[in-house]
């Protein structure tokens, strides 16, 4: 079940050390002039080896489009694309078919399918998220034509938390540093922490926050395709994601209705809410305010430190990871969160047209 | 888009003050002897007026089955059911078509559809969740035959939080009190708080925790139908739900990999993990450990206290709610969370059979 | 899998002798003023006992709407409806659980599900098509606002065939006779034949032809949701349907390209084709010409004449049907073909909006 | 909407003269050892230039697999594959963007999408069916393990019709001649006819018949996913297909129930029907008898003879096709019909497992 979306759909394929990773986008509106450079920029934000705090695997991650485009424009036909895998060091994984790495998908994949591709995590590798970034980058371009923008950023790494409300931040600073935190001072500390964690042969978790602006009123399809439940699903399907909260999120649990309710008011003839605890979504439908949510990511499961585990024959063994891995997934997760958000918003934007 | 599920599917219908609320369950396995009493018990756990801390609306909420059952057994045909609405006091809502209640779905529904049924919130009312409870109750019965159990409970009301790990609690105590908290002392405090909140013409939020036991290894369908992303989607589609976390959830963001990883070990020839930060799901697939997650609910938006809002003509107005409403949604949300969880687990259980 | 459609969806439920038959329509555009009388008229065209050449079962078949409508208008919420079964004579079927009627679904249902509701054919009864007629009647009303019309008619009963091209017929005469054949003289013969067949304790097959006019260019979704493949699927899912042909259909097999090709020409600035062997669809997409297709229906399987069959215990037995049945399904199939066609056209009409 | 299937799904991509044509198969059972040679053989049956009666376009049509396979076995991950286009002679189509070829999809694609890839028909080319053949070839291999076989053959070319019932034919002779007709004498005549037609700068239609044997009882999902309605949909989505009939098909319209009904009997403890007018499907579910159906294909629309048409600017013009095209699609359609049938049968086979 490797297809995401209702009208704008991505079918994804590929494994970490297979020939290629790619996807097919079905339902892309026709006649869109694509900016291929912008797509590559998004892939570069996700790609390994982009900075000292990511994995050192070297991949060009250059996307090749195979169909659905004629003279630079989408035709309405499915858009197939792929990225060839180049820098596989499958030797690093030679012994991995024999054991189940802790907190990886080795055990569950093997149990479910009775077989698994062990090279670099196979299908369960975070590398396969690059398909999402391509489909999200195209969605973003279409949304931009409608003036809808999406910006995610790193708001927590380990115990370093960006407390400020997003509205007080200069989100354009996100790309000014390699950890993608709009607070430059905190960014420096986060980078230091990640480097320290790597030295400790360990990894660390974090949080990505995301803001979508200028989303029109009306996106979202009750009863079971509420906009926030789909955003949650989309973002929690990213590797290592563990939690999602919209607007006030978990903090709403300790609030009173009189504190939490977002009162309506009028400015320049336009209805808005004076606060935005709703995170831009009410009753599962966008209300025109900023959509705001947060996604928590666990520490990367691959650590160099020795751990106990079990092998395929049922023996308890000690395991130390080799290979090249990220000490913290969050900086590279930022563009993936944006991509998933873009896909959801475009999908619901297209769905909403059926009633107009 | 009122259908939930892939193979076990609920299509839901109805409005708070319409003739009836109900649904159609498609894909229910055939030949199952249904225990109708158990289904009604689940509805009773959700129904209004069940205790002093819920809304005083009186509804029998007796479910009537229309199809798909022959001599007490499912036939594989769609199971249609409904509950007639009886105690509508639509007069309470007489003026509601004219204005948008804060943090309700009035504004977004009206903007999206250009029309809305204002009586009791119409389609956006939490009353429509009763369809979920019926479909979930049937799913539960089928899961029970496979020894899979699901238990949710109230773990937070306002600032009263049940800190203990679920594994140290006697979850069978959940139904021993009207707030559905397995810690009896905390339950008393929670009930007091809710009553106080009602007196204050206010409402309060909370958290429901949920545990599923004996889920077999292998449920969940990567890449985009991971078990936890579907559980998130399912539970966040419940009215007033704002946040979801699996296992370690948001707390994983501040952890190191060496702390967070769940080491595998063997007991009696069976693989298990020594800790369960994964919440029973790895790589989107159940690993045989307890599935554990938490869902935050905002305070009910309907408060008696006056609030500012906007009417349909674009005037700012002051609004005080009438009608009968819950001061805290959490006690009645407990069976709904269980129902959504049961539907997801059964759906993935059936999906998993295609490969066996 | 009892849901039909992509954006305009019908989920159907009910059995011939259950409490009720009905459905839920999801995705109906909001704000549509429904003409309930017109819906009932369509049901009356399908209902049993409407004339001397149909089954004598007496059912009012009055549809009751439960949701999705407020003050006579659709709200965008799911529209649930039902028809209560009244004139069940289940006694007629007392012994039917024990044997498999020839060319009925008894054997296959029982084999597939391990259980079946034997009363009147249960879920496999043609009576359950009334849900389609309701959903189709609503679709028709919406299409009519776009000037799209659909007219089916009886073009063959047994060896009596209406040879004339549809464009030479006055299709408005279709409802002028009980067999629904626009050629009045042939209609008389068809009625005689059906009465004769009934007297012979037999049944007879036939063909329904269908024409949709003013369908805009562009409906249909290649590669796998071509307009004609969906029309085929829709109509072949009707009970007793055996064959489908679009435009030239089977006769195209013996034609040359130079005969069969529909040359384009221009009239009043509008592109049209000089012939219409394509039946209004090219490459799976409507081309603006009349959509024309034919559906063959086998003779009703229930005959009074004795037949050999097998019982549930594996004995060969002789069986003679009791109960009240149609000698020819075609006159009552006419409104069902229209309904399925309306659902498909509206669904693709709504799908097409996503690109505009 | 380029995805076909419910559990075994093909997402197809590519254009006639684009870089590549391919697809992604999702839901393939894991652990299957694929015979890649057999897949290529199926592609060779479909490929252009295979004989004197097909188009002379030369393509190796060698399939390359990109994912989902590890050490020759399926892993349960999506199987992406492609065939690079090599022998494009796009010059042949230089002027084709400017006009709408009669009975092609040029006009409808352009009208629907506002743009089209004119090279070789772009997305509407029959060349894109090769994706179906790959997915069907894999489905066939899995079905063969269950002893299910599928054989299609040419039963009509123009006015040359194979009248014999399929059960009297030696279907293994199908591949013994280039027109794929199991009657060798008729095959010679068909080949002559096709060659004559080509000389006449014309094309001719035909019929493909298909038989599936050893299909277990129980495949098919009423109400709306009946086995025959899905087979119809599948086969009518093939380029140039115009009509479908199951078993007795259109001839059932002139039959009486007493003639048409398939009486049940018992042989060696197994239930069977003495005749098979049902074509192996009753009530939308396979009954264990041979599944038998026929698909009509129109004459190829590309003819060398001059025809009138209209250009993009709205002028009537005379058009004569260049390029290399098939004089009759039927011989190459045989493996495509088998492929679609295999996909449908495997899909329903997997669906049926959910209830077991």
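By letter and in written order, the chains are A, B, C and D; residue numbering begins at 1 in each of them.
The criterion applied here is as follows: a residue touches a chain if its C-beta (ideal position, glycine included) is under 8 Å from a C-beta of that chain, and two chains touch if they have at least 3 such contacts.
From a predicted model like this one, the values you see are computed outputs, not experimental measurements.
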Pair joined by more contacting C-beta pairs (A-D or C-D): C-D
Interface residue overlap between copies chain A and chain B, same or different (over half shared): same
Between chain B and chain D, centroid-to-centroid distance (C-alpha), Å: 46
Cα-centroid distance, chain C relative to chain D, in whole angstrom: 26
Whole-Å separation of chain centres (CA-atom averages), chain A against chain D: 39
Multi-chain contact sites of chain C, meaning residues that touch two or more partners: 1-3, 12, 27, 30, 76, 112-113, 123, 351, 355
Category of the chain touch graph - line, ring, star, complete, other: complete
Chain B partner contacts - residues on chain C that touch it in the complex: 1-3, 9, 11-15, 18-24, 26-27, 30-31, 65-68, 70, 73-80, 82, 112-117, 122-123
In the complex, chain D residues that touch chain B: 7, 27, 29-30, 76, 350-351, 353-356
In the complex, chain B residues that touch chain A: 1-4, 6, 12, 100, 102-105, 107-109, 111-113, 123-124, 128, 156-159, 197, 200, 202-207, 217-218, 220-226, 228-230, 232-234, 236-237, 241-250, 252-266, 269, 271, 273-274, 277-279, 281-287, 296-303, 305, 307-310, 314-316, 351-352, 355
